[in-house]
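Order as written gives the chain letters A, B, C and D; numbering starts at 1 within each chain.
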Amino acid sequence: MSALVFYSLSAVVLISALGVVLLKNTLHSALLLGLCLAGVAGVFASLGADFLFSSQLLIYVGGIAVLLLFVVMLSGRSSELKLRQVNDQWLAALLICAVTFLGMRRYIFEAGTAVLTASPQPTTAALGKLLLGEYAVPFEAVSLILIAALVGAVVFSKARERKP
Amino acid sequence: MTLAHYLALSAALFLIGLFGALTRRNIIGILMGIELMFNAANINLAAFNRFLHPEGIVGSAVALFVIAVAAAEIVVGLALVLAIYRSQNTVYAEDISLLKG
Amino acid sequence: MIKHVHWIALLPLIASVVILLGSRDNTEKSRLPLLGVAVMGWCLLHSLLILAGVLSGRAEVPFYRTLPWFEFGGFEMTLGVLIDGTAAFMLVVVTLVSFLVQVYSLGYMHADPRFKRYFAYLSFFSASMLGLVISSNLMALFACWELVGVSSYLLIGFWFEGDAPAYAGKKAFITTKLGDLGFFVGLLLLFAYAQTFDLKMLPLHFQMGPGHMPAWVPTAVGVLLLCGAAGKSAQVPLFVWLPDAMEGPTPVSALIHAATMVAAGVYLVARTYFIYQAAPMALEAVAWVGLITAALAATMAVAAYDIKRVLAFSTVSQLGFMMLGLGVGGYTSGLFHLTTHGCFKALLFLCAGSVIHAVHTNDMRQMGGLSKKMPETFITMLIGAFAIAGFPFLSGWFSKEAILHDVYRFSPAMWCAALATAALTAFYMFRLVFLTFLGISRDHPRWEHAGESPPVMTVPLWILAALSIFAGLALEHNGIFAGAVCFGPAAAAEGAEAVAHAPNWLAWGAVGAFALGLAAAWRLYGTGDLSLASSLKRSLAGVFDILEDRYGFDRFFLALVRASDSLAAALYWFDSNIIDAIFVDGWALATRALAEVQRFFDDFFVDGAVDGVGALTRDGGLGLSRLMAGKVQEYLLFVALAVSLFATFIMTR
Amino acid sequence: MPILSLTTFLPLLGGILILFIPKERKDAIRWVGVGSTVAAFLASVYALTLFDPGLASPAPLTLQMVEKLSWIPSFGIHYFMGVDGLSLPIVLLTTLLSMAAAIYSMNIEERVKEYYFWFLLLEVGMTGVFCALDMFLFYVFWEITLVPMYFLIGIWGGPKKEYAAIKFFLFTLFGSVFMLLGMLALYFASNPHTFDMVELARSHAVFGREFQIIVFLAFYLGFAVKVPAFPFHTWLPLAHVEAPTGVSVLLAGVLLKMGVYGLLRVCYVILPAGFEWFLPFLVIIAFINIVYGALCAMAQTDMKKMVAYSSINHMGYALLGMAAISPTGFNGAAMQMITHGLITGALFILVGVIYDRAHTRDISAFGGLGAKVPVYAGIMSLTCFASLGLPGLAGFVSEFLCFLGAFPAWKLYTALSVSGILITAAFFLRMLQKVFMGPLNEKWAGLGDMNARELVSVLPLTVLTIFLGLWPRLILDIMNPTLTAMTKLFPSLFQSVR
């Protein structure tokens, strides 16, 4: 039964990912991105990482995907929809992806011999203790990053009075 | 399901993201590709946590951090996109080459 | 008296220096030449006293005094005097003739602008000749030998304004120098084996027999010394210079080329007779050289027309006789002839000088009938001619008779040739006298102008004439000459007994030769009409030309000179073009070419490499910069490329 | 009292003094110049009085008036000066000729100051070479003579002076480079490394035969250029023709002797096996020098070139004398150096006299000068006769001794070389005849006879030539003991020549 769940979830994730990448219309690809992120949240859930599942849904799907949609809407113009969305280095990119896959192939199939053993425990409490105990410093650092990003975004998107 | 499956899934997702980042002409497309690569990394982390150290939660913690940083990164990226859009009236990567060598 | 013999040589030397550097006035007015004459007079007196001492046995003979000259590497070279009978007689002959010639020259050279220098040269010549006569050391003898050569060069070329005398002087010096080379090598060879040049010690080395030195050495030394003698005494190959030496003033010819210098060669052979005794082959060589010279010279004299050239050839011929005499072992006869020849040949030359002084020409064809104009000169010349031709009981006859006698004892064949030469001698002498003095004058203005020479010139002629008559008798009388001048006591005795048993017709042979020559000369030239002589000359034109050309010896030596000139030019060309141009300058060119190659290599490779690296980096930089085109995605592509390479290479290992 | 250093460095003192005199005061410069050469000559004469000829013992080098101070201790190089019978006469010759040349050079008009400075420096170098007994010092003095000579020829020379100066310089330098190599070889081969000639001479047995031959060849090259021996002589005529009179007097009078002196002092004493090996070649080269030099001289029309070639001929006699390794031969060679110096020095002065008046040295351009300039004609004839070896003059005695020494050892070559005397006589007489005899060439009607300066410079040489010719004991007594001792140094070697 868990195999079925895994395969269905991975199908959703991969197909929507392909859609994000290949669709000409940016709007559509933005939407599909949201779907793909939700699929990933499902995978987290299948892996028993319940806090991750919830935070993924909350931040990625709710926040980032929606933000992307906004930006696409703001910058999008009808004339561009028909333009080719793929630039001329796709062949090189394809080759690189193939090469990388070949390189990692051995690791993926060798390392993955571990089999699911114990059932998943709730992780949120342990995460909380960990973040404020051992990982207090990285936690603070991340908060700093977030503030910096926030301020940066505000500065960039402020309307400029000076010459264009 | 074995770890290999999850690793295969995250590898596939990572490559699709990479391909997207390299080929999309629209900067937002590139950003989306990068988001996919972040998520692939998270899948890996969660899978390792689940398969190799079921008792521990460090994998999820790091995933969390990744998510936070990714969010900050995408916010700044989009702000930039808007700024470029407003000043250059374009969002296509080829047109933006002021920082030429 | 004999103790001061070295002054006989030194005083004239000092006199010549004093005369040369004395007063600035070079002409006749300066009194210095009289000093020269006075000094020579003293020397003559002194020599006569020495001769008297030697003959009377009072003087210690051989008188030998030396003083150390210089040392070199263990050997000592001494300088000294060695007087024996020969030297004493030679001293007298040289001083006598030199004195008379100097007195004669006072008159002969009176108009010459360089009168003083002439007498300086004469004194210098006499000094070096006397030095040659008395020196006891062969090297000193060789030194005086060369000085005599140089003074003859100076005197022959005395009137150096003209080209002919200058050339004749040079020719004389070079030809005698050629002979002297042989003499030089002979001395070297002698010293190599005898380690001394002293004429008193040398005979001991040569009498020690073969053990002391290899057998060929005496012969080689003898022949080499003969070369020197041949050069100086104008023997066959090297006589070419004497006829040309007549360019000099006549008194010079009389002194140098008649009596003294030319006799030096004969004197050398006599002085080193012990070498020839030890080398019979060399002695025979001397004889043959003498005979050939005598014969050839006599024939050439017949064809000559210049009065002095005739006398010159006659001198060469008589010297040949002396060499012949010495060569056949007749030491005494050779030297006796040398002594008597000194007198009458000087007489003949001075008479010729007086004739030339009167008619101002040497050519006999422009003379004739001068007997009436110059009776004294005619008579003295006639006496001289009779003496040299061998008129019985005159000095010439005695000495020539002695030589013929020794030649006959040696080999009758040579005696016949010698006799023929004697006949020829009589013929050309009387030809000369008749052409000059008898018959009708062929150049009337000259005949008109001719007059007898002043007493200062004729007095010496009369003295010499008297000597020519009585010298022979005086010296032959009870063997005075033979006694003093002989090679060792044994030779004297053996000489005397040889005269006793010789066939009696021998004496008349010489007189017959004399008569024959006189008759032939009278027939051809005496009677005034020269028709027969000229017809004879035309018929024998071929022979005549050969004689004129002096048997080609002159041409041979001229060719030799030209050959050495061309060799010199070739060598100089070789030196300047081959060695200098190719090896030295060529070397410079080679180094410059090498430098050029290096410069090219330096520019092309080293520089090229440096520039190459520079260009490479610049182009490389340019190429790479195209990569940074500002396309963000391209950067991403490279990053991805790096990741993929990382994945494939590193992770798979 | 360091007499040798005094003799050597007095001219240097004079030279420095000259530098302080202003250029315009030509006469002052001339008098200081001549003065210092005269002082040097007097010093050398004083050295002669101190010299005791009898003091020669068979030890390699018995030296007198020795001055030995350590100069560069680390290499064992000493300032080592000393003289013996061989070098003292040449030192005297050097100072005498320098004096004569200095007096004669008083007619130099342009750049007098430099001329006399270089001239005095040259004299220092030359005197030093003959007194130095330390190889290093010897080489230093040897090079010192090169530079002034280059400038003297290069500045005051004739038409082709630069070419001649350069050729002279490079040629001699080429030689001295090999000499330097030889010197270093000797230095490293001697076990207590030393440059000292006396030590090297004592330890000649240590050097192997092949070593000696090679080092000898190196030295021979250096000295052969100077002698000049046959293949290396082409610089001489050129340098002589172009050099000013005073300089060519020194060039011929002294510099040629450095070669022969070197062969005797260095090659023979220190490298006997090499010298013995080279002997047959030396004789052949001597023979070639004599006959070849004489014949080349005969082909000349330029008086100076003719005298230059005759120097090659005369040096050939010296080589021949040396090749005999007999006391007579060595005496002949040593004396030939002195007499040739005097005679050729005088000859060059006399050629200079006629050149200063007629500005041409072409023999055929003259004619009949005998009557016009009697004094000059007299001295010139006397010197020419001295040069062709007329007895009673110095040339004959030295030539005779050379032949006398060489004959027992090399009969054939000596007999052939005697022809050299005849050729020498031929070309000198030809020159005398062409210049002094025959009709007077109108062009030289106004020719003046020799003036006081020229007479003062040439007369001492002529008088000495006559005096040495009549009484050679003056020189031979000094040389004979030393040279006889030198020949006895190597009883085992030179058997072929004994």
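Quick notes on this structure:
Just so it is clear, contacts are C-beta pairs under 8 Å (C-beta built on N, C-alpha and C of every residue); 3 or more make two chains touch, one makes a residue touch a chain.
Bear in mind the structure is a predicted one, so any value in this text is a computation, not a measurement.
Between chain C and chain D, the least number of touch steps comes to 1.
When every chain is reduced to the mean of its CA atoms, the largest separation from chain C belongs to A.
A straight line joining the Cα centres of chain A and chain B is 6 Å long.
Our note on geometry: chain B versus chain C, Cα centroid distance of 129 Å, whole angstroms. Here the spacing of chain A and chain D, counted between their Cα centres, is 108 Å. Chain A and chain C have CA centres that are 135 Å apart. The set of chain C residues touching two or more other chains comprises 633, 637, 640. Touching two or more other chains at once are residues 18, 22, 93-94 of chain B. Counting only residues that touch two or more partner chains, chain D has none.
The complete set of chain-chain contacts reads A-B, A-C, B-C, C-D.
Residues of chain A that touch chain B in their complex: 2-3, 6, 10, 13-14, 17-18, 20-21, 26, 29-30, 33, 36-37, 40, 43-44, 46-49, 51-52, 55-56, 59-60, 63-64, 67-68, 71-72, 74-75, 80, 83-87, 89-90, 92-94, 96-97, 100-101, 104, 107-109, 111-118, 120, 123, 126-127, 130-131, 135, 138, 142, 145-146, 148-150, 152-157, 160, 164. The touching residues of chain B, counted against chain A in their complex, run 1-9, 11-13, 15-20, 22-26, 28-29, 31-33, 35-36, 39, 42-43, 46-47, 49-52, 54, 57-61, 63-65, 67-76, 78-83, 85-87, 91, 93-94.
Residue ranges on chain B touching chain C, taken from their complex, read 18, 21-22, 30, 93-94, 96-101.
Per the touch definition, chain A reaches chain C in the complex via residues 87, 89, 92-93, 96-97, 99-100, 102-104, 106-107. The residues of chain C lying in touch with chain B in their complex are 625, 627-633, 636-637, 640.
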